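Chain lettering (A, B and C) follows the sequence in which the chains are written, and residue indices restart at 1 in each chain.
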Amino acid sequence: MERPDLTSAIDRLRSRGPLVHNITNYVVMNSTANALLAAGASPAMVHALDEVADFAPIAQALVINIGTLSAPWVAAMEKAAEAANAAGVPWILDPVAAGATAYRTETATRLAAMGPAVIRGNASEIMSLAGEAGGARGVDSTKGSEAAQDAARRLAKRTGAVVAVTGAVDYVTDGERMVGLANGDPMLARVTGTGCMATAIIGACLGAGLAPFDAAVAGLTMLGVAAETAIRHANGPASFQVGLIDALHRLDDAALVAGVRWA
Amino acid sequence: MERPDLTSAIDRLRSRGPLVHNITNYVVMNSTANALLAAGASPAMVHALDEVADFAPIAQALVINIGTLSAPWVAAMEKAAEAANAAGVPWILDPVAAGATAYRTETATRLAAMGPAVIRGNASEIMSLAGEAGGARGVDSTKGSEAAQDAARRLAKRTGAVVAVTGAVDYVTDGERMVGLANGDPMLARVTGTGCMATAIIGACLGAGLAPFDAAVAGLTMLGVAAETAIRHANGPASFQVGLIDALHRLDDAALVAGVRWA
Amino acid sequence: MERPDLTSAIDRLRSRGPLVHNITNYVVMNSTANALLAAGASPAMVHALDEVADFAPIAQALVINIGTLSAPWVAAMEKAAEAANAAGVPWILDPVAAGATAYRTETATRLAAMGPAVIRGNASEIMSLAGEAGGARGVDSTKGSEAAQDAARRLAKRTGAVVAVTGAVDYVTDGERMVGLANGDPMLARVTGTGCMATAIIGACLGAGLAPFDAAVAGLTMLGVAAETAIRHANGPASFQVGLIDALHRLDDAALVAGVRWA
């Protein structure tokens, strides 16, 4: 198995400082923007139909997250994806709560077929996109990430995207290769939007010029290693979140390479 | 006066981990989700007309908060309330700034008549819903909670809901019984959305199977006791808010029972 | 040069506790509300077309921020500005990312012509509004604030607004007078929405009855001095943001006057 080379991921991200165009959900806009800033990117949240097609091409990456979708937002997501594709800007899809309602499953399935470089979700979301019953319970998965490995491979082959399934262990596959990552902390699941943060940081790595597989591995490892730093001084989920963003800001490639735990 | 039994409220909440469907305002979506996670619930923010009727029945409770209402959101709130009613899912109404504009008063009045299990507001909001001049000043009340006790009783009798008026002392009534709760800290009023947090945590208690009166008392006490823990180490409102969520996460039934202060 | 008298700015703000009506972007609603509370104001986020014209006249100031604009929100911004003008309520415009897309530039230009008391932006935004190529890169400026001094003067003369350009040094001009302020810390640029916070706090100062020029200088100095306090105990951008709000809450006029650094 060829593992991605992480020795310069953060340095590349910070030296390029990619402009990352986000069409994401209301719950996490603030924490996503702060995570992107801490990682070294320049976030912008732009969703109006009147401007997404103008904005997507000037960004280095696009993040589409359906967490609080509604009809006008879905229209903007599709328009932005088309504009990004036309301009050669890579984009990542976060199919939040796919499987929980027909509306989410259909929207996420349509977006997944539009050519994202990466799709990141929990087990339920990835299984739902792959056409299986995924056991969604609202925005949470009732199944562990290991249960979604086959679904991830199939989804990757069908869409051409790298697929990342996050959970206690994170799995990244391009349909052939598959790596497991064991970084992180259970407290991540007690803070809203940490999955969305992972998606956005992978988007930033895409914007820094990393290949999709490498971007997914680097982004997930950045968040996971930062979480391991943050938990040491946390008294609960809120101080953990403060420490998480601080740790992302202080993280460098040496700590990333020393900290990665392959599963 | 029969006081609710709080000895197993948190245990019930955490063992059930209720899925709580929120249609709430933009300002507090993130802090509400984090408060619900800290309390032991599983929050989901879902507002699209295309899916609220599918989502409400699979949740254990619904929270409707009109803080940043607009026409499409109000339509979704009404549709979700109907679906929750049809499925027997209890719901709570937060009539943010009712009384401040005619639009808010009318919307909140219409929702209050649709059968919420609990209505939680400040004095102005509850007085406005009861048909009195409530002295709203934006989202704040110019009157203390004690001034709204009669209005709360009348509103409870008219709607069949348990009504909670929050302030320096919180009052909970079903139209007959009335209890006062003296927990909390004035710093709660210097952090945006703590009233909305109270509403959401009461919603989580409803989702855990507590009766509406008990859910209101338990939810308000959880937030109040956590606030008393948080203020001890706070340097201001932001560190207080971090401590508040951390304290909610660490709170257990023994601390709740030891900490409750009946007024 | 006549420098504004800051000796009672915070005292006036806290004794009046102005109700500040915000039509702002999703990313910063929560942090803006908390910054306004920490400064001593009473924030309300109200954007529905059905109520903005009722709400604007009862507030002491209005903040219009186009960060996540879309067609219905722009309509509400224009309606609110008209209602504020009719009622003599001062308002401030934050032209987020003007220059990045034609839609933003046109919207911001139209609003700037409607009579704001103050316009606050970064160099790119102010240069774009003044009709120059501003070098916008998403929501960030590629130019330093000093490059926008002439544009700021011209924009102030054309619109009648006081114009504030923020950056390493903040400049405030009414078209004739110009002062520079050197407070703050580079970490402000690593937290999302601190520019929006500055705008909102200036709005609060307008609501406290300060003249536009004085309000801009007082508001920027409040945030800048608080940042200098916060950085001392910060481990990164998230703990800095917590400390920033705490420091705003604890700031008084004596510290403001002692801390201001004229450039």
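In this section, contacts are C-beta pairs under 8 Å (C-beta built on N, C-alpha and C of every residue); 3 or more make two chains touch, one makes a residue touch a chain.
Since the structure is predicted, the reported quantities are computational estimates derived from the model, not experimental observations.
Participant: Hey, what angle do you get rotating subunit A onto subunit B on C-alpha, to the nearest 5 degrees?
Facilitator: Rotation angle between the two copies comes out at 120 degrees.
Participant: Validating interface symmetry: for the copies subunit A and subunit C, is the fraction of residue numbers used by both over half? Same or different.
Facilitator: Subunit A vs subunit C: different; shared/all numbers falls short of half.
Participant: On a C-alpha centroid basis, what's the spacing between subunit A and subunit C, in Å?
Facilitator: Subunit A and subunit C have C-alpha centres separated by 32 Å.
Participant: Hey, what residues on subunit B touch two or more of the other chains?
Facilitator: 26, 30, 241-242
Participant: For a test of understanding, state which residues of subunit C touch subunit A in their complex under the given definition.
Facilitator: 25-28, 30-31, 67-71, 97, 100-104, 137-140, 190-193, 234-239, 241-242
Participant: Any idea which subunit A residues touch subunit C in the complex?
Facilitator: 19, 21, 26, 29-30, 33-34, 37-38, 42-51, 54-55, 58-59, 72, 241-250
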